[in-house]
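Structure record follows, encoded as structure tokens.
Labels run A, B, C and D following the written order; every chain starts at residue 1.
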Amino acid sequence: MANEEAIKKELEEKFDFLKDKIIIPRERRLFTEPVEIEDFLKAIEYAASKMDFDILTTITGLDEGESIVAIYHLARKDGTMLNLKSKTPKENPVMKTISNLFNGAVFYERELVDMLGVQMEGLPEGKRYPLPDDWPEGQYPLRKEWKREMLDAKP
Amino acid sequence: MAVQILEIIIFPGFLFLTVFAMIAEYLDRILYARFQNRKGPPWFQPFADFIKLVAKEDIVPECANPFVFKLMPILALASVITASFYIPMWDNKALFSFEGDIIVIVYLLTIPTISFFLGGWYSRSLYATIGAMRNLTQLFAYEVPLFLAILSPAILAHTWSLSEMTVFFNNHLWLLPFNIIGFAVALIALLGKLEKVPFDIPEAETEIVAGSFTEYSGRLLAFFRMAIDIEMVVGASLVAAVFLPFGLGLNPVLGFILYILKVVFVIFLLALLRSVFARLRIEQMMDFCWKYLAPAAFLQIVVCVILKGVLL
Amino acid sequence: MQRPGKMISEVLKHVGKTPATTNYPFEKAEMPEHFRGKLQFLPHRCKGCMLCTKDCPSEAIKIKKVGDKKFEAEIDLDRCIYCGQCVESCFIQALVMTTDFELAALNREDLKMTINEKNSPKPPAEEE
Amino acid sequence: MSKLTIPIGPQHPALKEPECFIITVDGERICEANMRLGYNHRGIEKRCEEITYIQSAYLIERVCGICSHSHSTAFIQAVEEIAGLEVPKRGLYIRTLFGELERIHSHLLWLGVAGHEIGFDTLLMYSWRDREIVMDILAMVSGNRVNYGMNSIGGVKRDISPEQADAILKAMDDLEERTKYYIELGLQETTLIKRLSGAGSISYEDATRLGAVGPTARASKVDQDVRRDDPYAAYAELEFNVITDDHNDVYGRTLVRLGELMESYKLVRQLIKNMPDGPIRKKGPRKIPAGEAISRYEAPRGEDVHYVKANGTDKAFRVKVRAPTLANLSAVSKMLEGDYLADVPIVIAAIDPCFSCTDRMAVRNIRGGATEMHNPGSLRNFSIDWYRRRGIDFTDLNKKLMKRLERV
């Protein structure tokens, strides 16, 4: 676990906002608590460029009630996974793209846009993914209040 | 006159060719299946396919040119059947023959490809257009080697009539082995003409659906398929007549059996070749035809010219 | 070393061999012993615990009480995904899977089975 | 000739599943490749929030037919991690064994599909025939050819008897011999090499930048394999090599997959030989305590990632599936640029795409369409009418057919 402790220490020293917010549930896994988007961007850039976390496995979007949380699962060649979380208020969810850091992130970010209604700033133009083109506006299926019946309701 | 019309329509003309073409298709398919360790279709499969297609509705795409679209399958069918009349099958003499009929046969056998091209081009579908382009590109690649390969025995026999050529080779059977390169070239070019693997580029189903035939359905498609089947038989007969002309003119029954065996042998070779190769890309096909096939055909001509000069 | 037609010998070898494919609807296929096919319900064993209904991922099985300690099962074969979870959940083996797999039907209604004591096979004598 | 825009999909013979690639070609060269994904929505992630863990395991297994064991293992590993369940050794070994058998059948399937895409149908028939050997093994042990249903929370459901183990070992010998032949074929057959080399080239830098995974990445010299880097199940105790190749193209991917087949045979033999005795499962709880876990699994197509968040009930709070194909798709547009149109099918096939995995996501569409519904009976009547209007009467024939059907 020394390796994971070292990562934790390095991140905590570098970023004040991550203090005591990093959990190590088991070998090769690190989870952080959700942080604000500006702080998060600094952390992910540092992790990607300085700490060799250069594989973005995926982005998971979560509806946590008050806020929308996105978990960025970063992986390193030695198998260690760093799961950085960012959060944004649910009323006005705005996030910034990280496709400049990870070119493969575009699909995962489009998923957040379609499924959770996040506004992704700086996302390159393109076809939507994964919902169909005639999907009713303002319906975001992965939000907790969304039910299947809402699809049938007349707008 | 009446006998000739009967010959054209029934035997050895249209009707015989149609039935034989279906049997040839079955043979081709069952051999292909056996090479792949499969059971293969039952004997009536080609007939069933044909009847099914004929019973189906013809659909002409809205933006296609209906006249050309409908004409092309018939043109293809007509030209291959016409070509068969000039090929001596089990006799020294073809149904019709004159000095220069080799050229006519080769050109008549080109018409199906042209009609595939026109049919595909005028159906105005994306896949069909690309298939049509490929049809034409491919035509330029295999036609020259095929023609050269058939030309060299003609040079050796000093005649432009296929019937006379077979007579000549029957009298000089020992000359046949010298045409072996030409035989190989003609066989490979025939694969290209019949659009079979590795040269099924114009109708590569995983790339462009069905190429020129994408928009064809029902009767029109049935005619196209029939044309390809007959083309296979006629092509095999041509190769048999030029490169394996032995045993003609001895006895009609023996000749007929020999003819069937020869065609089956050529079909066997075609099926074998198509089961061991992957489909080439169009530019690889061009490369292959011009870099290897055409020079090989030229070599055959050189061999023939030298033979003619030294031995005859 | 590259050479074209590498497969010729292999291909020619196969001409005489028996084909690997079979003429399926005419030659029946044999399923392995523990195949997960059509469900069979044994009403005389059922105690009505409803665990199968609860665990079924596709809501394909319903157990109804039809009398005193008597149960009948309604199985929807077109909903069933043949996962075997109900057999797993049933701790008294009132559900078993058979090797029957030819279940195609022209009508959806034909795929609904109701199994009770009347139409189920007689319980084997060695039971209980 | 001007530029043409060709849609490959949503329905196209080259694609076994609906997905749309929009290819712009200039003659035969590709200038641009775009894609539209999402035709395969079934709402699995949302559905998993509505059903119990036991039911979810089966739903997750059906994310994809080919790599069903991969998905269910990845999901169940995450759940077990949250619940803190210690799976018995034998259970882990059987789980791993199935993972490897699945890899074998998936790679043989891929070989056949690749053969078909380049018009080499004989290769398709042979490799699929040989694949039946491993399918029979899977059916014998698990009771089905796909969707094995082997995993359950806390272990596996079915044990392997000594006779079955012998049958597996024998099958491995047969398969190894066949695979050696395919490797020889891949190294020697000219048309195969001509078609595969140079197609879908992607450099090491691009592969890492775009996040390619699995054999696609490994054919570009990216040395990554979750089985070694982040060992799960029994992999930490097994010996195997990670196959990489530096061809960077489809040919390299073929060689990598064939090499992995050989490694898999080795692994299966080790697993059977070292399989410990003991129980195969531990009873798992129905309610999973709150927590979150991420589980990685090296599926045949690449790294499969499942994230599960539990909230203490018997239903998951959130399940996230990242199938390997989604990671590889970004690389596909890059690969296609500058290639020939003829290479599109094989380049797409070379990542071994599984679009149903990719599009598993969130919504079950329950809106009924306004189209006419036909059942087989009314469809038959419709066709009889259609022909009668054209002067062909099939009524008698149809009656005969119906009689025959009834008799059956």
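One rule holds for everything that comes next: a residue touches a chain if its C-beta (ideal position, glycine included) is under 8 Å from a C-beta of that chain, and two chains touch if they have at least 3 such contacts.
All figures in this text were calculated on a predicted structure; none of them were measured in a lab.
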{"item": "Leading chain pair when contacts are tallied as C-beta pairs", "value": "A-D"}
{"item": "Distance-to-centre winner among chains (Cα means, whole assembly as reference)", "value": "D"}
{"item": "Mean-CA-position distance for chain D and chain A (Å)", "value": "26"}
{"item": "Intercentroid distance (Cα basis), chain D paired with chain C, Å", "value": "24"}
{"item": "Mean-CA-position distance for chain D and chain B (Å)", "value": "42"}
{"item": "For chain B paired with chain C, centre-to-centre distance based on mean C-alpha positions, whole Å", "value": "51"}
{"item": "Touching two or more other chains - residue numbers and ranges from chain D", "value": "122, 126, 129, 189, 191"}
{"item": "Per-residue overlap in chain A, given as positions that touch at least 2 other chains", "value": "none"}
{"item": "Contacts with 2+ other chains: residues of chain C", "value": "4-7, 11, 20"}
{"item": "Contact footprint of chain B on chain C as seen in their complex", "value": "4-8, 11-12, 14-15, 17, 19-23"}
{"item": "Complex contact set, residues of chain C against chain D", "value": "1-7, 10-11, 20, 31-36, 55-57, 81-85, 88, 97, 106-107"}
{"item": "Chain C contact footprint on chain B (complex, rising order)", "value": "31, 33-40, 272-273, 275-277"}
{"item": "Residue ranges of chain D touching chain A (in the complex, touch as defined)", "value": "34-38, 41, 43, 45-46, 81, 208-212, 223-224, 226, 229-231, 291-294, 296, 303, 305, 307, 309, 317-318, 320, 322, 326-327, 329-331, 359, 361-367"}
{"item": "Chain A - residues contacting chain D, complex", "value": "25-26, 28-29, 31, 54-58, 60, 62, 71, 73, 75, 77-79, 81, 83, 102-108, 111, 115, 126-132, 141-142, 146, 148, 151-152"}
